[in-house]
Amino acid sequence: MTSTWAFLGPSGTFCEMALQQVAPDNARLEPCQDVATALDRVRERVADSAVVPIENSVEGGVNATLDNLVASAPLVIAAEVAVPVTFVLAGRPGTSLDRVRAISTHPHAWAQCRGWVHLNLPEASYVAGTSTSAPARALAESDDPLSFEAVLCNPLAAQRYGLEVLAGGVADNPDAVTRFVQVTRPGRVGEPTGADKTTLMVQAPHDRAGALLDMLEQFSARGVNLSRIESRPVGDSLGRYRFSIDVEGHIREERVQAAFIGLHRTCPMVRFLGSYPRLDARPVVVPAGTSDKDFIVARAWVADILAGRTI
Amino acid sequence: MTSTWAFLGPSGTFCEMALQQVAPDNARLEPCQDVATALDRVRERVADSAVVPIENSVEGGVNATLDNLVASAPLVIAAEVAVPVTFVLAGRPGTSLDRVRAISTHPHAWAQCRGWVHLNLPEASYVAGTSTSAPARALAESDDPLSFEAVLCNPLAAQRYGLEVLAGGVADNPDAVTRFVQVTRPGRVGEPTGADKTTLMVQAPHDRAGALLDMLEQFSARGVNLSRIESRPVGDSLGRYRFSIDVEGHIREERVQAAFIGLHRTCPMVRFLGSYPRLDARPVVVPAGTSDKDFIVARAWVADILAGRTI
Amino acid sequence: MTSTWAFLGPSGTFCEMALQQVAPDNARLEPCQDVATALDRVRERVADSAVVPIENSVEGGVNATLDNLVASAPLVIAAEVAVPVTFVLAGRPGTSLDRVRAISTHPHAWAQCRGWVHLNLPEASYVAGTSTSAPARALAESDDPLSFEAVLCNPLAAQRYGLEVLAGGVADNPDAVTRFVQVTRPGRVGEPTGADKTTLMVQAPHDRAGALLDMLEQFSARGVNLSRIESRPVGDSLGRYRFSIDVEGHIREERVQAAFIGLHRTCPMVRFLGSYPRLDARPVVVPAGTSDKDFIVARAWVADILAGRTI
Amino acid sequence: MTSTWAFLGPSGTFCEMALQQVAPDNARLEPCQDVATALDRVRERVADSAVVPIENSVEGGVNATLDNLVASAPLVIAAEVAVPVTFVLAGRPGTSLDRVRAISTHPHAWAQCRGWVHLNLPEASYVAGTSTSAPARALAESDDPLSFEAVLCNPLAAQRYGLEVLAGGVADNPDAVTRFVQVTRPGRVGEPTGADKTTLMVQAPHDRAGALLDMLEQFSARGVNLSRIESRPVGDSLGRYRFSIDVEGHIREERVQAAFIGLHRTCPMVRFLGSYPRLDARPVVVPAGTSDKDFIVARAWVADILAGRTI
């Protein structure tokens, strides 16, 4: 049976490159105009999965994704994928570099090529685009005069739209990478692999100093290590934050559950956003005293105390 | 049926005064020569309960009790009693104050009357006794010449041994109080009263800095407040400690259990020593987010996550 | 003498509205195409001050500003200004609402009006712009056919470019506000007002668990309260973060200095970004034991100990 | 010039054995009847130093010493000495083991030989003594009948008083050791050796939960490690404690001073009780970021910020 996958379109984005790593070959692809739309497709059961960007090593968290994941009906992350961020400068066939006066691309992409452009095309101005591939498509297909002569897109888009590559390997930071996630509707949580990651959003109590500290101690008291933390405004006024967090470990592990229970008890909002295998497959180190067995043995000991069996 | 109560004897000690507050009228009393003996009587099933001192507001914890409670077969505290520490100076009938050259009493009692003696009988020397009532008895019953002419004991002992009170209300600190505990063999733990205290002994991990801090965070992360902490040497070398701790709350409360589970997971030794009503009957304040209901709701929420029911 | 003020242009942006609140009337204004350019104008001594957005109550921190402030030669914040984020939908004179098929504005503005558009112009598509006023200017001045018929801009821009307001008070969140900062070159730090804020960027040590917790304790150990924390990627790889932080207090206060000293000792990077009066002029509450006098007295006490004068 | 050394007498105590390790050969010795007297001799300038016990590996802190050090005019610890706690059972010449029905010694000594006595002289009862050597002296010199036939004392006392050793190497715990300290009047604090210890007494704020945790963070925030912590009652009521603490490091080190400043600011009472070389001469490990240089560089950096020199 064919599954339907929504993604941040149009065709030829980095996001589609990410999707190709996790979707089956016969997947039906549905490019969406923005992250919110892609995620809503899953909520509406039109799509089975959505692939959207969540974090960029240079620009940081992708706010649209972080915020939308908790904004409406529950979704969970099922997998993660990383795509190196390297661009080509492409134009209509026959374009020469010295005729490029304006370049279009997504603002995130622009931010990661500004240095290269400054060095190689110091006179070029910037035209904001809604994705990295939309301007490429416009350049290939539009009959209208456009306000730019070249685009910064990925090789896939250049090829798909028949553009000519004017320069390859464009990236101010050759190590830049964007992390994408596959998002689904929640279901019974699967088994841990031993190299897992759990994502959540939590709002710290805001009415007193040290609230963030207390919140972080809910993790450290159970030996749960954070691998990512991003602050996001709650949105109703300045000065109130929630935090998008990745922790090392799986919600089926006792120590992760204990941290979640602690957060649920003490924070105004916690949302589970999925436990899934880590991209790097590096096994999670479980600190002494925080293995499942440690929890089970300790609970049995308390039960013995209560029953007066032995202490 | 008559129960047997061991206590720190001999007859007429402050400890017997404490016992009278918790033992039934028809209890069979068994004075013991030291705390260890009294507690062993319970372990050996010769006595049903033991009453022993555990803390003095001036001298601090009673080490013999603190250490013995964890030294051998399990015992638990079932109740606590406080007795004001006020002495009488007593001698054989006919003794006058100006003939008192030496005074005997237990070293703890001496420590709490030194100031009074220094002021009123500056020449008097001290003869150590094994309890506050043993010297009183010796004075009353011995035919031998003794190295002291007066004793500092409680009114009960003076009366029981027919001594004459030379001075009453002797106490450097009129607010001084000794806390005693009733100790029994462990059984099924009873229900909380809402104004309870739990006693435990825990050894902090010793192999790294900050271990005590981490141990204390096991309590604070669950909103469990400490009302007493006493360090005791582990005994095998200098520099290793365990801590005798009273917390506000009952082991049947989720938050207390969560703290115990955390300690069991991370500390080399934890011993439960009883949950029992607080002397002052002051209800325990349960911090926001740490009620039993908070724990139950949070655990149910995690179960829902795992089952994919809702998040 | 006339001072020169750079700001995020073009003419008519919210940023210019913010600038008007802090710049002298005779200031020479220099609109810049992006935040980096405005800040560089100050570094290059072409401008005396720059006014740039730093935080939006809905979208969060303005990454370009947060990152640029620490990317190059030192700058400090001298003042802050807040501007309510309310838009008008504007078109060329004569445009009617039902003819609007596409709308252009800055992506941040779009994010804050999406709900309104969805409700009122459900068919309208979005064209990304580089600011809130650039599309307004284009609409007013361009002779070319454009891909949009209306813009979402602030009232100032609509007026300045002679556009017709098709709808006013457009804002999904009527409480939304953007905070702007006046940035200058560093100089001798002025005196506290008692209602101050200090901004800094700090990179937490990344090589071990609990590093963020330890970093936050450098503040809490001195009673310094955080009013804002934003994570930013360090940029060299996924998983390494630095934090843009506002604390309540002034760098001339001992407790704030003590926190800075603690951070400098233990973190790979700390950058002071200015102490300046709080927007709300609410006096900072200095916790017990953390006043300047407390520090001075405590240091004098340690000096006495060292000298053997008294302890 | 001859110095005068007070110590916990009488002649022949373990304390005198400790004194011999630190006092010059020509020191004038003054045995005192209790710890308070020995320390007061120094306060009164009758003695230059006092040597008193402070901690026993089995029995814990010596309360009389811990409390007296902060009870009156300031004193500081200048050195520490450890003496192994091994006893001999001694009697009048001609005494045979099977005639020993009662044994006298100091209660601390008794506590450390109880197991041996139980095993070897199960019928023997205990007579409390005021020191380990006083009963030895009584046995040797008294013409009166005594209530005991043997004493547990150290080899020095047995030899000095001409008693016959009935059994040697008596000690339930062969590793038991008592730590003694040399106490002097405060003067200018000397230079660190790199392997130092600092002793202090501090009262935690008692009016709120977590106060002990906060107090300990004053140390951990500066990388100062605790090697000993003993709770002592403040003495005015149950439930209020102060803590006798040894930290690794010297008060001339910046990190130790920073911790002291933090305590002085936030705790109702802190008393410095001396910085002196560690018994084991093991160099103190200074955690990264807490060396004197780290503090000096960080303070200079803050000064530069204030002056606007550079940041």
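So that you can tell them apart, the chains are marked A, B, C and D in the order they are listed, and the count of residues begins at 1 in each.
Just so it is clear, contacts are C-beta pairs under 8 Å (C-beta built on N, C-alpha and C of every residue); 3 or more make two chains touch, one makes a residue touch a chain.
Small disclaimer: the values here were computed from a predicted structure and weren't measured.
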Copy pair chain A, chain B: interface residue numbering same or different (half cut): same
Gap in Å, rounded to a whole number, between the CA centres of chain C and chain A: 25
Inter-centroid spacing, chain C versus chain B (mean Cα positions, whole Å): 59
Centre-to-centre distance between chain B and chain A (centres being mean Cα positions), rounded to whole Å: 57
Touching two or more other chains - residue numbers and ranges from chain B: 217, 220
Pairs of chains, among all present, that meet the touch criterion: A-B, A-C, B-D, C-D
Contacting residues of chain C [partner chain A, same complex]: 33, 55-61, 63-64, 82, 107, 111, 126-130, 144-145, 173, 175, 177, 179, 209-210, 212-213, 216-217, 220, 225-233, 235-239, 241, 287
Residue ranges of chain A touching chain B (in the complex, touch as defined): 74, 76, 186-189, 217-218, 220-222, 251-252, 257-258, 260-262, 264-266, 271-272, 288-290, 294-295, 297-299, 301-302, 305-308, 310-311
